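Same chain, two partners: chain A is paired with chain B first, then with chain C.
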Partner chain A sequence: MAHFTKATSVHDWLNQRLGIDTVRRVMATEYWIPKNINFLWAMGMVLAITFGLLLVSGIFLLMYYQPNVATAFDSVNYTIMREVEFGWLWRHIHGVAASVVFLIIYIHMFTGIYYGSYKKGREMIWISGMLLFVAFSAEAFSGYMLPWGQMSYWAGMVITNLFAGGSLHADGLVEWIRGDYVPAQAFLNRFFMLHVLLIPLAILGLIGLHFGALRIPHVNNQDGEEIDFEAEAAKYKAGDKKGSKVIAFVNDFMSKDMMVVGFYLIFFFYLVFFHYDFAMDPVNFDPANGLKTPAHIYPEWYFLWSYEILRPFSTDIGLIAFAFAQVIFVLLPFLDRSPNTVPASRRGLFKYWFWAMLVDMIVLTAMGKLPPEGIFSTIGLYAALTFIGLWIILPFITKSEKKA
Partner chain B sequence: MKELFILVVVAVFTSITYYLVEPFAHSQMHHHIESEGFTYKDLPALTKKGDATRGKDLVMGAGACTGCHSIEVAGMPAPMDAVSASGAYGVNPPDLSNAGSVYDAKFLAALIKNPAHALMVEHKFDPAKGQMHPMAQFYGAGGDLDQEVADMVAYLQSIAPKGEKLTPKMAFETACGRCHAVHYENWTQIGEKPKFKKKQDELAFDTKVLDYQDNLRKYMGTLPPDLSIYIRSRGEHYIKTFMENPQNYLKGTAMPRVGVNAEAAEKVIEYLEDSGDTKRHEREEVGKKVMVYIIIFAIFALLWKKQVWKELH
Partner chain C sequence: MKDISRRGFMGKAFGAVAGVGAVASLYAMKKSWDPLPSVKAAGFTTLDMSDYKDNELVTEKWRGKPIFVLKQNAEMVETAKKNPKDMERLIKVGESYYMICVGLCTHLGCIPGYNPEEKSFLCACHGGMYDATALVTKAPPPRGLDIPPFKIDGTKMVLGEEGPEYKKMLESGVTLKV
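Right after this comes the complex of A and B.
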């Protein structure tokens, strides 16, 4: 048993029992981050803040939302939007944050791809990040069911139908997922549970894993330089802050994070108050009606690229392509055969691969929303084939890459 | 500066994606219809100057308007209750107290002369096939038809509330409220649902609404939708251009052209905003304050960063 002495202060009392000085040192003041970074390195903090906004606004919404097919729609659009003080504010924050969080996730992801931050010991950071992406996708989808509008209902219908597996006709599985033949009360209840309990729990756990995965390999830097963290930290602690290649998480890194967060929040709250429509589809302001299919059914913008990989093909091939698109990003650290951990701009063919992938995903996103007719469906087909092709050639072009 | 360049790259790709997914995709999915400003160019202009006194006699005259329409401001009650009227005509004929300020004068004149034409429902009411519009055409009281119609319009305008006196609710009730419920505003097709002390009375009222809706469904082919949050699901532009000419969007729809004038259309929109976007003023107000707060926050964050990083560079 540890030896306890009479505490000289509250701080000392806590320190003897919780070791708060050690925690602070390990987690903050002596948690070392490379100095050679740009604002894209703050996206993690931006995501954490956005997740916090989602959590807090979600808790407030949860106090009035009713998971019942007869009352869900009005509990959102009447009770929360009209009756509850500032209910509209919480809803708009929740809706806009749910959309913006994916923008930041994609920026965060492409930053990682560009700077090679998934290599040389950082594989678990990438994998846990992709698991977070999957969890956030499930969270977004389940949340989208809850207002029980037309798009909730029909998106729920279309997406759960995918589990029939095309020619496999696994209709029993679809019914099991829905708890009914069509989306109805059982369906709404279970998606409510998933949205407010199970998936948030998974997200919290995965965030812990994601942070933990950073600990040993450390954060990457703008040049992919391998830094001797111990030596550089010693330099920093000896007072040579200017010469050291590392900075402390608190306050050095945090002050830059907060600056980026500050500018980000200007953008975010502008959207919340003055430009929220993009995140709240008008079609979902019509109550769910199983007898009336909307003219255009499309997912929210962040799912469009994978939806478009599903759409241009026949059912079975489409499903295989869709499944491919869902898992392939996770495998990036193993498909990239090059040992170079440097920005894409210094990596030969990979440089072109990166920009081609980015542009292709934007094209897929646009075509996923447009009606699949004429030129749009042709562009969509080629963009989907390009996506698959790019992943197939990735091991080959990275294998032949020269040492940078 | 490198960071600024990176920011520009991120902003450009984000903007392109936004443009393609939102404005561009929507322009491809829904064809854009320009408002004509509620001018009803297809209808002939009024050539005669109306006289309200003569108009009164015509409107109140035998076989004219008050056979079916009530005019409460002039003390004319409805000949039937709403449910019976909907049984007889399909939809309850409107009270004409506000008609003069809700409807465009040209439209009113054209309506009196040929309802199916003015309402743009000739595809549904073709006299050659024996499909008569429930509102009978006015063939004239013996004088000059155009003069008589102008007089009737002048009378309806003389009794109607002007300017601010016509509230958004009155405009909505006259123009839309006999077919569309707005349950967020407690509005039913037979009027505002009162608070009842006895459950029996409430059930009796609800039964009347259901009976009315059954008649309406028969007449229109489907029950016209509840408009509680149409301002969010359709938006102002769509609603306005739809009111102007429903055939623009739904070829062959049973919904008639409403014929409201531009001011009344604004009021209808305001009513729908009160129902479906109730907190818009609060949103603007709070929005400005939050923006000021967050800009100050960002400035302090910037200053903090500069101070901390002074020692690092």
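Right after this comes the complex of A and C.
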């Protein structure tokens, strides 16, 4: 048994039992971050804060929401919005955060792609990040079911039908997922469970893995420079803070991180108070009706690009293209054959690949929102083919890339 | 050595117990997600076929799904007769022909809308189109709208029961089982 002495303070008492000084050192004051970074490196913290906002607002919504097909719609649109004091605040925070979290995820992702932060030992950071993207997508979808409006119902119908696998015609699987022939009580109840328990648990676990994966390779920097963290940390600890290439996570980096978070929160609450409507589809303010499809069914903006990859093709090819789009980003560290870990601007053809991919995804997003007719159908088709083509050529253009 | 083999045995014994438990609980979990008996037993819908008017789409409900009933007028029957695939899909009750199908697009399950002037269905979700017998005329839907199990009973029609006309349709591949 360890030897305990009479504590000299509360801090000492806790330190003897929990080693709080060691925890603080390992997690914060001696966790090293490169100096050569910019505001885009704050997106991780912005995401963590947004997840916190979702969790807190979700807890309050959970106290009044009723997962029942007869009462769900009113429990949201009447009870929470009109009766509960500040109920509107929790709902608008939850709705806006669910939308904005994807904007930040995309920025975070494309920052990683631009700076090559998925290579040289950082592969697990990328993979765990993409798993988080999948988990957040499932969380967003299951949450979208809960108000039980027209868009909830029909998005639920369309998305669960994807599991029939086109010509495989696996209707049994679809009915198993729904617990009914159509989305109904069993469906609403189980997606409620997924939204408030199972998927959040998975997200928490994955966040732990994502942070853990960062520990050994450390955060990348603006030049993709390989930093000897131990040597630089020693310099910092010896007092040469100016000469060292690294700073401590707390307080040095954190103070800048929270500055960005501050700007973000002003933007975020501006949306919550004045522009919450962008995250609230008007069609979903009609109660679910299984006998009437809305004129246009489209997903929330953050799913539009992958929806547009599904849409221009016949069922089976569309499903294959859709499945391809869902998984292909995970494979990025293995499809990029170049050993260069530098910004895309210094990487020859990859520079054009990066911007072409970004623009193509924006085009897909825009076309996904427009009705599938005439010129929009054609543009959508070519944008979908471009997306697939870009991934096919990636290994070839990166293989021939010169050493930077 | 003796200790190690004893530990090895204990490990394997635990593995066996845990394996049986894991498989059994997965089975229970799968079954718990199945549709409930009360859902499955959701009854039969009976339609009175004399209620319908020519070229007027009526949406009925069977097992929570919309069912399209479209009585064909003389002109529509003439058009259908030109294409045997169209004719196979029509159901004759008395002297009239009816198109009866599940009103969910075979692409991803939206409800197509009917245009009585053009005598065609358009699915707004992904732009699929069907003719008046619900046969596909424009992709992405892979096939015409599915026909629910039916049994003709005089001028009445029972949805959910499989009559001889329906069985024939299944055999010849006019529709898939829903």
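Throughout what follows, the second predicted complex is superposed on the first by the 404 of 404 C-alpha atoms of A that agree within 3 Å, B and C clash if a C-alpha of one lies under 4 Å from a C-alpha of the other, contacts with A are read in each partner's own complex, and residues count from 1 in each chain.
By our rule, a contact is a pair of C-beta atoms (placed from the backbone, for glycine too) under 8 Å apart; a residue touches a chain by one contact, two chains touch by 3 or more.
Keep in mind it's a predicted model, so treat the numbers as computed, not measured.
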Answer with first, second, both or neither: which of chain B and chain C does A:51 touch in the superposed model?
neither
Counting touched residues of chain A, say whether chain B or chain C comes out ahead.
B
Thinking of the overlay built on chain A, is A:350 touched by chain B (first), by chain C (second), by both, or by neither?
neither
Which superposed partner A:296 touches (first chain B, second chain C, both, neither)
both
For A:265, select first, second, both or neither according to whether it touches chain B, chain C, the two together, or no partner.
first
Would you sort A:169 into first (chain B), second (chain C), both or neither based on which partner it touches?
second
Would you sort A:78 into first (chain B), second (chain C), both or neither based on which partner it touches?
first
Based on the superposed arrangement, let me know which partner A:316 touches: chain B (first), chain C (second), both, or neither?
second
Classify the contacts of A:158 with the two partner chains as first (chain B alone), second (chain C alone), both, or neither.
second
Would you sort A:180 into first (chain B), second (chain C), both or neither based on which partner it touches?
second
Residues of chain A at both interfaces, chain B in one complex, chain C in the other
295-296, 371
Tell me, which parts of chain C touch chain A in their complex?
30, 33-36, 39, 42, 59, 61, 63-66, 104, 106-113, 124-127, 139-142, 176, 178
Which chain A residues qualify as touching chain C in the complex?
154, 157-158, 161-162, 166-167, 169, 171, 175-182, 184, 186, 190, 290-297, 311, 313-316, 318, 371-373, 377
In the complex, chain B touches chain A at residues 2-3, 6-7, 10, 13-14, 16-18, 20-22, 24-25, 28-29, 184, 228-229, 232-235, 276, 278-279, 282-284, 286-287, 290-291, 294-295, 297-302, 304-305, 307-309, 311-313
Going by the contact rule set out above, which residues of chain A touch chain B in the complex?
35, 38-40, 77-78, 81-82, 86, 88-89, 92, 103, 107, 241-242, 247, 251-252, 255-256, 258-259, 261-263, 265-266, 269-270, 272-274, 278, 280, 282-286, 295-296, 301, 304, 358, 362, 365-366, 369-371, 376
